[in-house]
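Chain IDs A, B, C, D and E follow the sequence of writing; residue 1 opens each chain.
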Amino acid sequence: MLKRAAPLAGIGAGIAIPIALLAALEVAVGMGAVNRALVPAPSAVWTELVAIISRGKLWAPLGDTLSLMFTAYICASVLAVIVGVIMGRSRAAYNLLEPLVEVIRPLPKPALLPPLILFLGIGNEMKLVIVGLAVFFPVLINTIQGVRGVDPVLVDMARTFGYGPGRIATRIVLPAALPFIFTGLRISLGLGLILVVVAEMLAGTGGIGYLIVDMQRSFRVTSMYAWLFILAALGFALNFAFEWLERRLLFWSRQQEKGG
Amino acid sequence: MQRGCELTLNSVTKVYSPGTEAEVRALGNITLNVEPGEFLSVVGPSGCGKSTFLQIAAGLIGASGGQVALDGHKVNGPPEGLVYLFQQYTRSLMPWRTVLGNVEFAIEGHRMSRAERRDRCMNFLAMVGLQDFASRYPWQLSGGMQQRVAIARALAAEPRILLLDEPFSSVDALTRSDLHELVLRLWEERGFTAMLVTHDVDEAILLSDRIAVLSHRPSQIVETIPTELPRPRDRIATPELPAFLELRHYLLDQLTKRPAHA
Amino acid sequence: MQRGCELTLNSVTKVYSPGTEAEVRALGNITLNVEPGEFLSVVGPSGCGKSTFLQIAAGLIGASGGQVALDGHKVNGPPEGLVYLFQQYTRSLMPWRTVLGNVEFAIEGHRMSRAERRDRCMNFLAMVGLQDFASRYPWQLSGGMQQRVAIARALAAEPRILLLDEPFSSVDALTRSDLHELVLRLWEERGFTAMLVTHDVDEAILLSDRIAVLSHRPSQIVETIPTELPRPRDRIATPELPAFLELRHYLLDQLTKRPAHA
Amino acid sequence: DELTTVRVSTIPIIDTAPLQVAITKGFFEEAGLKVDTTPTAGGAVGLPALASGAVQFTFSNSVSIALGASQGLGFKVVAAGSFTADAAPDIAGIVAKPDAGIKTGADLAGKTVAVNTRNNIIWLYAKAWVDATGGSSDDLTYLEVPFPQMLDAVKGDQVDAAFLVDPFLTAGISAGDVAISGWPYSEIQPSLPVGMYAATEQYIAENPETVAAFVEAYNKGVDWANENAGTDEWAEIIASYTRLTPDRLAGLKILPYYKVIDPEALQPTMDLMLKYDLLSSEFSASDLLHDTVLAK
Amino acid sequence: MTAQTMTEPAPPPAKPRRPLLQSRVSGVLLVLALLVLWDLSARFWVDSTSWPTVTAVLAALFSGSADLFAAFTSTISLMLKGFVLGALLGVAGGIAIGLSPFLRRAFTPLLEFLRPLPVPGIVPPLILLLGIDDAMKITVVAFSTFFPVLINAAQGVRMVDPVLIDMARTFRHSRLRSMWQLTLPAALPYVFSGLRISLALALIVTVVAEMIAGGTGIGYYLMTMQYAMQPDRMYAGVVLLAATGYALNWLLLLAERRLLHWYSPG
């Protein structure tokens, strides 16, 4: 039996571990063990962070990044779930699309940049596509896998109640594959954020990624790490919200986990 | 009241994984006609092909040979008006829906108000004794309770033909008897056709007009025995009839005299 | 031969989801002592808490109150020498292992050669009539066949105490009778303690030394009835004994006189 | 006896020809050095690698080196690299569509211009040129577009102008896709030192002989490259690391390489950095230059 | 039941194994159709020096094959090292945090903070620790491949049927055996999904790392060819990458077919 350690101990450790690592880094920088000009002391980053926030310089880049992130994330994941359900349920669709998917999937986004700039320009569309591509595939792969694992008895049950393929997809397949889909969505959340930054680095006019690359190029590492920290905190917060949502939507799979 | 459907199976055969080492010849050659409104039971040894047979009749899986027709129309997918109760009742319940939600699933396509649907389903839940568990989830229920949810759902759909695969295997004697009465009552009221797979000979005799006895794999229909007991049946009186006892004796003899495992 | 274990339950209670709207008081207050080598059956209405009771005895779930002890040692996890056969037999089989592999799982920790393990498991598979299906996968088997795989696996572990939750619910009369004989034979040879949940009164009487009758939720032990039938039991002769028939009558009366659904 | 190994971070462009020449012709080995090059396509990691000690010399542009030095990374320029032309036509220029009519900074008001990287020397001189030719550098948008995509961006009207370098510049002009609007480098400061080799103060202090030997061998490469520019052997060396095809090579303008950097020539760049907020305080070019790159 | 004769169990049944490629005719045709469209667009509609025809790309692929092959082998070996490292750590970590709520709570904050860090952002500090060579690139690749496998494996472990777990518990298998024989196979559909995501990611990140801190590999090749105005060669590299990704995924699917034949029967 797995020990059900008190949640508080786990949460405490969860807070303690990053703090301990940061403290160790602080000491290392203080002793001169690492090059301060490349890796600043966490305390200096914190000071910079406070300065950024108190001077109100946080909101505009954050807004830019979030709006790009959400638009791309939502569009791509909805599309991926739809395509994934179709590919998971229909052999013909799978056979048709699989080679294309598997050929595009491993291509690095920077390598796709030339045709993307050629056909989409350097504006928002291109950035959306870059982020969207990164979000799309993990959700797609997990959706297909989840759809394949749906208990055939459930599908047959729905068929005998006269449900057609469409309603079976939405009423049975989708909820039953949801644990898989959510995992894909969580993976994509992290990847999406990474690619937002990359997209802003490639063709930026604002946003956190644009600032990170600016700071990096001008060797203002303290500011750069402050913005990286903001990005990480953003990822953390989004994931937190995501887990909350997951608990609400997937309680039925978690309850089974408890056993009875 | 809609009439029950007529189900016709003509020289139906089924081979699983044909041509491989894992080949199993499940159904030998099955020909059977189930009359509209008839109650037919199927008995036979474990693994002989009863579920296979029922699933082919429901259009859930394809036969390897022969024809299946419902009211004269070829079956190649679950037909309208047919409801199937799965032997694996646990797996047929949706864990993300409440008990009531699972029952409502049966009639969500039908045109009626939400309240009406809900009332009707609560009604059926009450019939199987689960009115207090309407808002629980299937995994919070015991095995027998889950089975009753599946029964309520099947009945709530008001089928014209109902296929039941060992629907009462996990409930105690009294509950089972109550469920027999419930199914009989609805069958008499609505006149649907029923086909029941069971291992319980008493159950088969009590409920059916005819009993089909299947042989070992590849299964054939050894005989179909009309029960010829008066209707309406009664759970106390009917089993006491001499004809019942005689038939019971005969069937048990038939079923226990062959080697159990082919 | 190892002696069977002694199982003691003292004022055991179980409440699911306590303090929430979904609270269910499953076990009221259960006190029971199962002697070493005893064969005890548990009967009771659907959803009364039989599986809960068995799982607590096996240390699979914790009780809300009271103590469970095996041979005097407090149970707080599945103890050594105990084997449990799940009511949801389908879900207890590993789909990625063959039938033989599933049986072998029971004794993979034990010190013996591969060939020896394999032989022993094949032996048990043969006992339940599935020797020809050793290399199939569980999902290629019928419901009753899957149940028999689970039985073979439980027996192959050579437990000192065996807990069976409706182990014969999906097999036909003849197979069931064969399995009764098998369990009885092994029980007599090996002397393990057995606890069986069943809805089949005949089965309970044929196999057991004592029968515990559970009430509705929150369940209590209404009475424990010693069967007092001679051993060895025989599947033909024993059910014809007057004492058997009398007990059967009494039990059925007890079980069907209460309201089925609480 | 044993060769001393040094690692050099380079960029595979024609600007680093003398280094490649010195390697190929064995000048470094004669000086007792074994040179490992680590080419990086964008140059983004060259200076961090230098600061961390992963490489000993890095080829980079004056603006990036100055930025790093101003942030306390201790960069010093030890050898000269590339210079712009002393008069038009240069190796880099601002282009627009032939019919766009963009001839001065004033014509670019409210428009978009493509630069390869913001906050670098291209961006700096684009701004300076706009201000110098009657426009206002704050009046336009600078979009980051990689050099290879700039021609597409101009043709596709995604930008109005682009600050392009060779070989893209020559290719675009000769194809008639774009026309030159101005030559920021040569118009503002002819023979501007652009690329150069940096090392860290610490390394220079600890290995003065190695640094001296490196620069000396590199300077031999400079002489060779200047003397042999355009020959087949030269073309072969260039092609081997830039992957430019012979016809592209043939179309290139060949500029002379120098061995010294005049602090006076570098100072205007530092001043522009201050003007356009890349630096927060005055920065003297002579502080950036090590003895080895100064005229003796 | 009477005494049984022991029979040799039959060898494992032949799993229904559809040839992977045979059924893909329609999909291959779709890809070919898109290639034809590309070729036509480059010939007739799109006027750009950076958009070559497919025939030119194919010609470049074969004429420059020695170069490309060298770059290719270097990329693949880097990628595989990073992928294997990241995937192993991901599976192990995923099982650990899937099994133990304590570990999950303890490590989630750290992991979720690290996860959104972009590769270009972590390269400079990594250079400090690991230099600019393979060790750094492998670390970056492993870092990126780690998370999808970790998250999927952890979820897979949490979704294992509790009846199976309880079953194993009553047979009193050691934790290690249960993990190896039960938790891992049961979570395998999730793990494979994670591996497939990560495999593509590994290739992507390797190439990106080579673009940033190059010297060798396809990433560097792509960049150089772009700057040398040889788009046909650059796209030859892209085509090779696509083919490689497809082949690697295909290998993984083969392994999945062997190990997950029981998943999604029928």
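Quick note on the criterion: a contact is a pair of C-beta atoms (placed from the backbone, for glycine too) under 8 Å apart; a residue touches a chain by one contact, two chains touch by 3 or more.
As the structure is a computational prediction, the values presented were derived from the model and not from experiment.
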Touching subunit A and also subunit C, the following chains: B, E
Neighbouring chains shared between subunit D and subunit E, ordered by label: A
Furthest chain, CA centroid comparison against subunit B: D
Separation of mean Cα positions, subunit E and subunit A [Å, integer]: 17
Interchain centroid distance [CA atoms averaged], subunit B/subunit C, Å: 27
Geometric centre distance via CA averages, subunit E-subunit C, whole Å: 46
Separation of subunit A from subunit D, taking each centre as the mean of its C-alpha atoms, in whole Å: 38
Where subunit D touches two or more other chains at once, by residue number: 44, 48, 52, 146, 148-149, 152
Two or more partner chains touched - positions in subunit B: 17, 22, 88, 91, 140
Shared-contact residues (touching 2 or more other chains) in subunit E: 10-11, 13, 48, 50, 120, 124, 127-128, 161, 166, 169, 211, 219, 226, 231, 263, 265
Subunit C partner contacts - residues on subunit E that touch it in the complex: 1, 4-7, 9-13, 161, 163-164, 166-174, 177, 181-182, 185-186, 188, 259-260, 262-263, 265
Touching residues on subunit C, where the partner in the complex is subunit B: 16-17, 21-22, 24, 43-47, 49-52, 87-88, 90-91, 129-130, 135-136, 140-145, 148, 166, 169-178, 199, 201, 252, 255-256, 258, 260-261
Interfacial residue positions of subunit E with respect to subunit A in the complex: 23-28, 30-31, 34, 46, 48, 50-51, 99-110, 112-121, 124-125, 127-128, 147-148, 151-152, 155, 158-159, 161-162, 165-166, 169, 189-190, 192-194, 196-197, 199-201, 203-205, 207-208, 211, 219, 222, 226, 231, 234, 237-238, 241-246, 248-250, 263-266
Subunit D to subunit A touching residues, read off their complex: 44, 47-48, 51-52, 64, 67-68, 70-73, 117-120, 141, 143-146, 148-149, 152-153, 156, 158-159, 278
Residue ranges of subunit D touching subunit E (in the complex, touch as defined): 9, 12-13, 37-42, 44-45, 48-49, 52, 54-55, 146-149, 151-152, 155, 167-168, 171, 175, 242-245, 248
